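Take a look at the structure set out below.
Residue numbering begins at 1 within each chain, and the chains themselves are lettered A, B, C and D in the order written.
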Amino acid sequence: MGSTWGNKFKVSIFGESHGHGIGAVIDGLPSGITIDLERVQHELNRRAARGNPLATPRKEGDQIEILSGIFNGKTTGAPLAGLICNENTRSGDYAKTKDLMRPGHADYAANARYDGFQDYRGGGHFSGRLTAPLVFAGAIAKEILRETQPEIGIGSRIVSIANVKDEPIKDWKRYETLSKGFENPAFPLYHANLEDPMKQAIIAAMEDDDSVGGIVEGFITGVKPGIGNPFFESIESRLSALLFSIPAVKGVTFGAGFDMAEHRGSETNDALRIENGQIETLTNNNGGINGGISNGMPIVFQLAFKPTPSIGKEQQTINLAEMKDATLKIEGRHDPCIVVRAFPVVEAVTAICMADFLL
Amino acid sequence: MGSTWGNKFKVSIFGESHGHGIGAVIDGLPSGITIDLERVQHELNRRAARGNPLATPRKEGDQIEILSGIFNGKTTGAPLAGLICNENTRSGDYAKTKDLMRPGHADYAANARYDGFQDYRGGGHFSGRLTAPLVFAGAIAKEILRETQPEIGIGSRIVSIANVKDEPIKDWKRYETLSKGFENPAFPLYHANLEDPMKQAIIAAMEDDDSVGGIVEGFITGVKPGIGNPFFESIESRLSALLFSIPAVKGVTFGAGFDMAEHRGSETNDALRIENGQIETLTNNNGGINGGISNGMPIVFQLAFKPTPSIGKEQQTINLAEMKDATLKIEGRHDPCIVVRAFPVVEAVTAICMADFLL
Amino acid sequence: MGSTWGNKFKVSIFGESHGHGIGAVIDGLPSGITIDLERVQHELNRRAARGNPLATPRKEGDQIEILSGIFNGKTTGAPLAGLICNENTRSGDYAKTKDLMRPGHADYAANARYDGFQDYRGGGHFSGRLTAPLVFAGAIAKEILRETQPEIGIGSRIVSIANVKDEPIKDWKRYETLSKGFENPAFPLYHANLEDPMKQAIIAAMEDDDSVGGIVEGFITGVKPGIGNPFFESIESRLSALLFSIPAVKGVTFGAGFDMAEHRGSETNDALRIENGQIETLTNNNGGINGGISNGMPIVFQLAFKPTPSIGKEQQTINLAEMKDATLKIEGRHDPCIVVRAFPVVEAVTAICMADFLL
Amino acid sequence: MGSTWGNKFKVSIFGESHGHGIGAVIDGLPSGITIDLERVQHELNRRAARGNPLATPRKEGDQIEILSGIFNGKTTGAPLAGLICNENTRSGDYAKTKDLMRPGHADYAANARYDGFQDYRGGGHFSGRLTAPLVFAGAIAKEILRETQPEIGIGSRIVSIANVKDEPIKDWKRYETLSKGFENPAFPLYHANLEDPMKQAIIAAMEDDDSVGGIVEGFITGVKPGIGNPFFESIESRLSALLFSIPAVKGVTFGAGFDMAEHRGSETNDALRIENGQIETLTNNNGGINGGISNGMPIVFQLAFKPTPSIGKEQQTINLAEMKDATLKIEGRHDPCIVVRAFPVVEAVTAICMADFLL
C-alpha cells in the first residue's frame, strides 16, 4: 500500500532501485490534451541533475517510454503509463551489507514492515530513485495544467542549505515574477548571490564524508479563490500528504508557518482590501489558504529536507541478522545534499495536487 | 467534499456551527469492542474546556448521543453514529456582518468556494466547533486502541505559547513517562513552571483585544516497528493530512523537523544499537519514522497553531456585497489562544490515524 | 465496512432497526441547490408504503430531520446529514429468538461476521429499514439532478410478481413517456391490467403464510452519450454495486440481459442510424450502455428480488447457541412481497449513481 | 477513470490494443509470497486460447514481463507491475474505418466520452485484449490465495452457448469436486457431452458470418462464513462491479438469480441444519451469500455474455464524421463466441475480489 494517490488525477507508482524498471500509471486524464514529451523528459532530466558536480555521479538515463494513453501526441483519456528501465547496475554489491541497517534510512523499518522480503538493493522501493516516477507524473500534470489552466504557475526555490539561509519573501507579488523563472534555474534562489556560499556548505560537508540538509519553498500562483475543501481534503491536507511522500522531508509549513505561532492575531491576520477592482490581502501569512481553500493569493509552502542519510563517515548501527552492534561506512559517492535535486520533485507533486483539485 | 477520511477506520463528519447538530459516522469498526461512553464524553469535555477562564465562555454542552453502532455497551460492527445537538444560539446576530470578511478566517475563501451559499453563521462548517466530531471520532478510536493495542500511548503537550517556549525533549525515553499523563492534564507541559508565563502571555493578548498562537507536540509510544507505508500512505502523509485538517494549523513537523535542515547527516542520523536485547536508536531525530514506516521509537510531531483570527481590534477588510473596503471589530469574546483547547483535538486525530493503520 | 459509497456524491448510511435512529450523511454536494423537503419526504413515504394493505402494517413514521447542509432552503456545500428517529419498538421480543437463525436472512452470516455482537433486533443494520436512508440520499440526488440535469428522467416499473409477468418493452422510445409517470404510481406497470393478478399472487402467498418474489425494471432517460467509464467504473459496475446493496436483490441485468446470451450478434447488435439529425440505435439490447459508457439511448436494467425470507410457515433451521437443529415460525406480519416497496429504492440508488457520475 | 480498483488488493490496469504495451500494477500485496511465474503465464495462455480453432487466430504472445515487486521469486510488498508488450500489429488498417461506428461496440460511446481522441485502433482501451491485464492480476491474486487461503477454490464452467444449455447444479456439494478441475479444462462443462453441440452452435454462427453469446458460471468454494459486508461492500456489490467490467457481460446473478423471483419464500429460503457438527444449508438458492456476507456455502454466480459484436455480416450503422447512414462489414476473423475465452477472465476477477476481501 501507499503507492496510489488521487481522486481525479490518480497516480500509481511502481518500481525498485535495482529491479527491471520504475514508472507510473495515471488514470483520470482528460482526452485531447497535447503532451510534449520533450518537456516531460526535460523534467526528468532536471531531477537526474546530470552533470551537476554536487549530485551523485551515478549515471541515470531516466529515459521515459510511454506505454499507453497517448495517441497522435494527445491524451486518449485511457490510463497513461510510463516506464523508465533501470540500466545495468551492480546489484551484487548489496548482498554483503544487507544486514547492516543504514542509520537514517528505511532499512530497519522496512525489514520490520516486509519481514525481510523487501528488495534491499539500493533501498529498493524506498530509493530516492522512485522520485523519478513522481516527476514523470508531475510532468504530465504540468502539461494538463498548461493547457487547461494556463494562468497557473508552479515554482520552487532553495531557501537554505545547512546554515546558509535566504530571506523570506514578504511581498507576495514577487511570486508572480518568480513563477516565470529564476536566474539560475538549476539553483533557484531569491538572492542569487547565495549560490556560492550554499555550494561551499555542500562541498565542505562532502569533503568531510558528511551531508547537509536544507529548506525548499514551493509556490503556486494564479490559483483562483475557492479551490480546495475544508478538513480532510483541504489544500494543506492534500498537498502535505504528497510533500511528505518525498523521501527525506521532515516538515511542511504553509505561509508563515511556525513563525505565526510566535505572533499575535493582529500581526498575522491577512487584512483584505480592494485594489484595482480585485480583492487581495495585504500580507500573505496564511500562504494563500484559509479554511483549506484558496483565497486567490499565491499558495506558498516550505519543506524541511534532512541531510542525506548516506554518508561516508563511520556510523554505529546493528547487524540485524546477527542481532549485534556493528559499525558501517557507506561506500560509493552519494548526493551530499538532496535539496539540489529535490526541488523539481517538489514542483512535480505540487502539479499532481493541483491537477487533482482542478480537473 | 473533504469531510470523509480513512481506509479502515472511515470517519464522516458533518455539521455547521448554528445548524441542528454536528456529529460523525464511523464505519469499519470491529465488533465487540467495549465503548465507555463516559470516557468518550470526557474527551469532548476536555475540548469544550468548560470553566477554563482562558477559553471562550460560550457554553457548549457537547453532549454526545449515540445513534447507532453500539449495542449492550459494545460495538456492533455496523456504522457508529454520534450526534451533538447545537443548543440555542443567537443566529440572528450574524446576518448584519455576513458581508464583512473576517481576516484570517475562511469567510472569503468559502464564499468563493460555495458561491455564497455556505452557512455563514458562526463560521458554519468551518467553525472550530467542528473539532467536536473529530474529538468524538478520536475518542472512539482511543477505545478501540485501548482494547486491541493496549501498549500504545497517545499524548500531547504545549510546547510554546507566543514567545514562551518549552524545551525540546531530546531523550526519547521521556515520552514513555509522559504518555502516562502530565502534572496538569488541562495544561500539559514538560516544564510545569511555564504554565504561569504562558497564561500571562494569553491574558496580555486578551487584554489587548488580541490573540496569540503556539506550538503543540503530539506523540505516540508503544508503536511496533513496521507500521506504515512508503510514499502516499506514509505515517507522515496520513497523519499530516489529518493534522492539517484541524483549523488554524499552519505547520507540521516530525522528529527534529526544520532543525534537521540545518545540520549534517552525522548529527541527525539516528544510530542504531541493541540494548537489553532490543533494537533502539540513540537519538530520535526522525521522530520514530523512516521511509514512512515506524521504527519502534516514539512517534513525535509538532504543529504550529496560528493566533485565533477572531480578535476585538479593529481590522481592515472588505464588504463583499458592496465590493468596497471596510473595517471590522469582531464582537463577543473568543478564545484568545486556541492552543489551550486544541491539544485534545491533536490527540483525537492521532488516535484516528493509528486506528486506521492498525485495524 | 460497506456503508460508504461514492466518488463525488459520497453517501454514508448508518443505523439499526431498533437503535436510536437511522440516517445518512452526504458529502460532495454542490452549494446553492434548492432542496424541497416535501418532495424528499414524499420519497420516504413512497418507500414506507403507508396504508398499502400488501405491505407490512408496522407503522413507520420515517420523518426525516435535517441535521446539517441546508441553509435557507438550499444546500450549503457542507455535508448534508439527515436523521430518522426510530420510534418505540418492542425490542424485548427479539431476545428469545435471537439464537434461531432465520433462513434466507443474514442472521447466520452476520453472526459469523460480527462474532455475535451485531444488533440482532429486527435484523439490526441488515434490516430492510436501512433502505430508508438510501431513499433519503436518493431523494437528495434527485433534487440535485432536477436542478442541474433537468433532462434526466428516472423511473421504474414492476415487471413480474411470482409468475405473473409483464412484457419486455422493445420500443425504447416508450421509456420517454414512462419517465413522466405511470397510471398507478403506487403500482407502476407497463400493462396496468396486470395489477390485479399480481396482487392476487401476493395475497395468495400471504394467505398461505408465504411470500413471493418479483422483478423490477429501472430506467434512466435523457442521459447524453459519453457518460461513464470503461472497466471498474463502468455504468454497469457502479450501478450494479448499488443495486446489489438493496436487500433481497439476487440478479441484475442491463438491456436484454440473459436473453442476449441465446441470440446471435446480428440479432443483438444495436444498429445505428441518423434520425432527424440525431444519432440513435434501432433496438436497445445493450440497454443504453456500450463499453461501460452511455450511448444516448435509455439506460434500462432489471433486478431479481427474491421472496421475503420472513414467512409464517414453519421452517427448518438451527439454534446457534445450542448448536442443534430447530424449527422456526416467524411471527408478526411481514411484507409478503418486497417488490411493492422496493421500486422507490431502486430509483433512489439509481439517482445516487447518476449524481455521482454527473456532478 | 475506471481502471483502478480495490481496497487492499489495488489493481491499476493500462494499455490499448495497438499501443506500446498493456499491463497492470498491483499494490497492497503482502511480502514473502512465492509467485510461480509459470502458473501466472499459464493463466495468460488460457485466456489467449492459442491453437483453439474457435478463437480468433490473431497470434497474441501475451508474454508477461515483471517490472517490479518480485525479488528472489517472492513478493517484496512493493507494487507488483507487469507488462505485456504489444507485438507488431497492422495499425494502418484502422484509419479508413475509424468513422464507421461498429454496432454493439463502444465506438460511438467512446467517441462521445473522449471527444474522438481515444485510440480507435482495434478498440483501443476497450479492446477485449485488456482482459489480459485482468488475468495477470487475477493470476497474482490466485498465487496469494494459494499460499494464504489454501482451502479456497475458484472455478468456472460454461453453462450455455446460444441455445445449448447445461443444467443448473442443485446439489451444492458438487462444487467441491468441480473446484478440483473439469474433464476438459479448455471447455469446462458439468455435462461433458454438451461440448460437441455447443461447438457446433459456434461453428454454425461462424459459417454464417455471425456470432453467439452464452452463460458462464463462476464459483468459489471453501469460503468461511462471515466474509463480506452489508450494503455497498457486499460480496455481490464488489464482485458484480468486477464482473461487469469484463467486456460483453450484460447480466450477473447470484445463486438461483432470476429464478428466485418466480418462487415463494418457502421454496427459496435455504433451510439450515447441522450435519456432522457443521452448519450447512440444504439448498443454496442464495449462492452462499446472505446480507452481502458469506454463509459458508459455495459462492455461485452466473454471467450473461452477449454475442461478440464483431461479425462479418453487413450491418447498418453511421459514419460519424459525415453524419450520415452507412453500412459496415467487419473484416478479418474475430472470436465467434467470447465465452470460450472468457471463463479464465471470470476466474481472474473472482480471485481479485477474494484477495481484496481476504488480505
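Please note the rule applied: a residue touches a chain if its C-beta (ideal position, glycine included) is under 8 Å from a C-beta of that chain, and two chains touch if they have at least 3 such contacts.
Since the model is a prediction, treat every value here as computed from it, not as a measurement.
If you compare B-D with C-D, the chain pair joined by more contacting C-beta pairs is C-D.
If you match contact pairs by residue number, over half of those in A-B turn up again in just one of C-D, A-C or A-D, and that pair is C-D.
Inter-chain spacing, taken between the CA centroids of chain B and chain D, is 46 Å. If you average the Cα atoms of chain B and of chain C, the two centres end up 40 Å apart. For the pair chain C and chain D, the distance between C-alpha centroids works out to 26 Å. Of all residues in chain B, those touching 2 or more other chains are 1-4, 13, 78, 113-114, 125, 230, listed in ascending order. Every residue of chain B that touches chain A in the complex is listed here, in rising order: 1-5, 13, 101, 103-114, 125-126, 130, 160, 162-163, 205, 208, 210-215, 224-234, 236-238, 240-242, 244-245, 247, 249-258, 260-274, 277, 279, 281-282, 285-287, 289-296, 304-311, 313, 315-318, 320, 323-325.
Those residues of chain A that touch chain D in the shared complex are 1-4, 8, 10, 12-16, 19-23, 25, 27-28, 31-32, 65-69, 71, 74-81, 83, 113-119, 124-125.
On chain A, the positions that touch chain C within their shared complex are 7, 78, 230.
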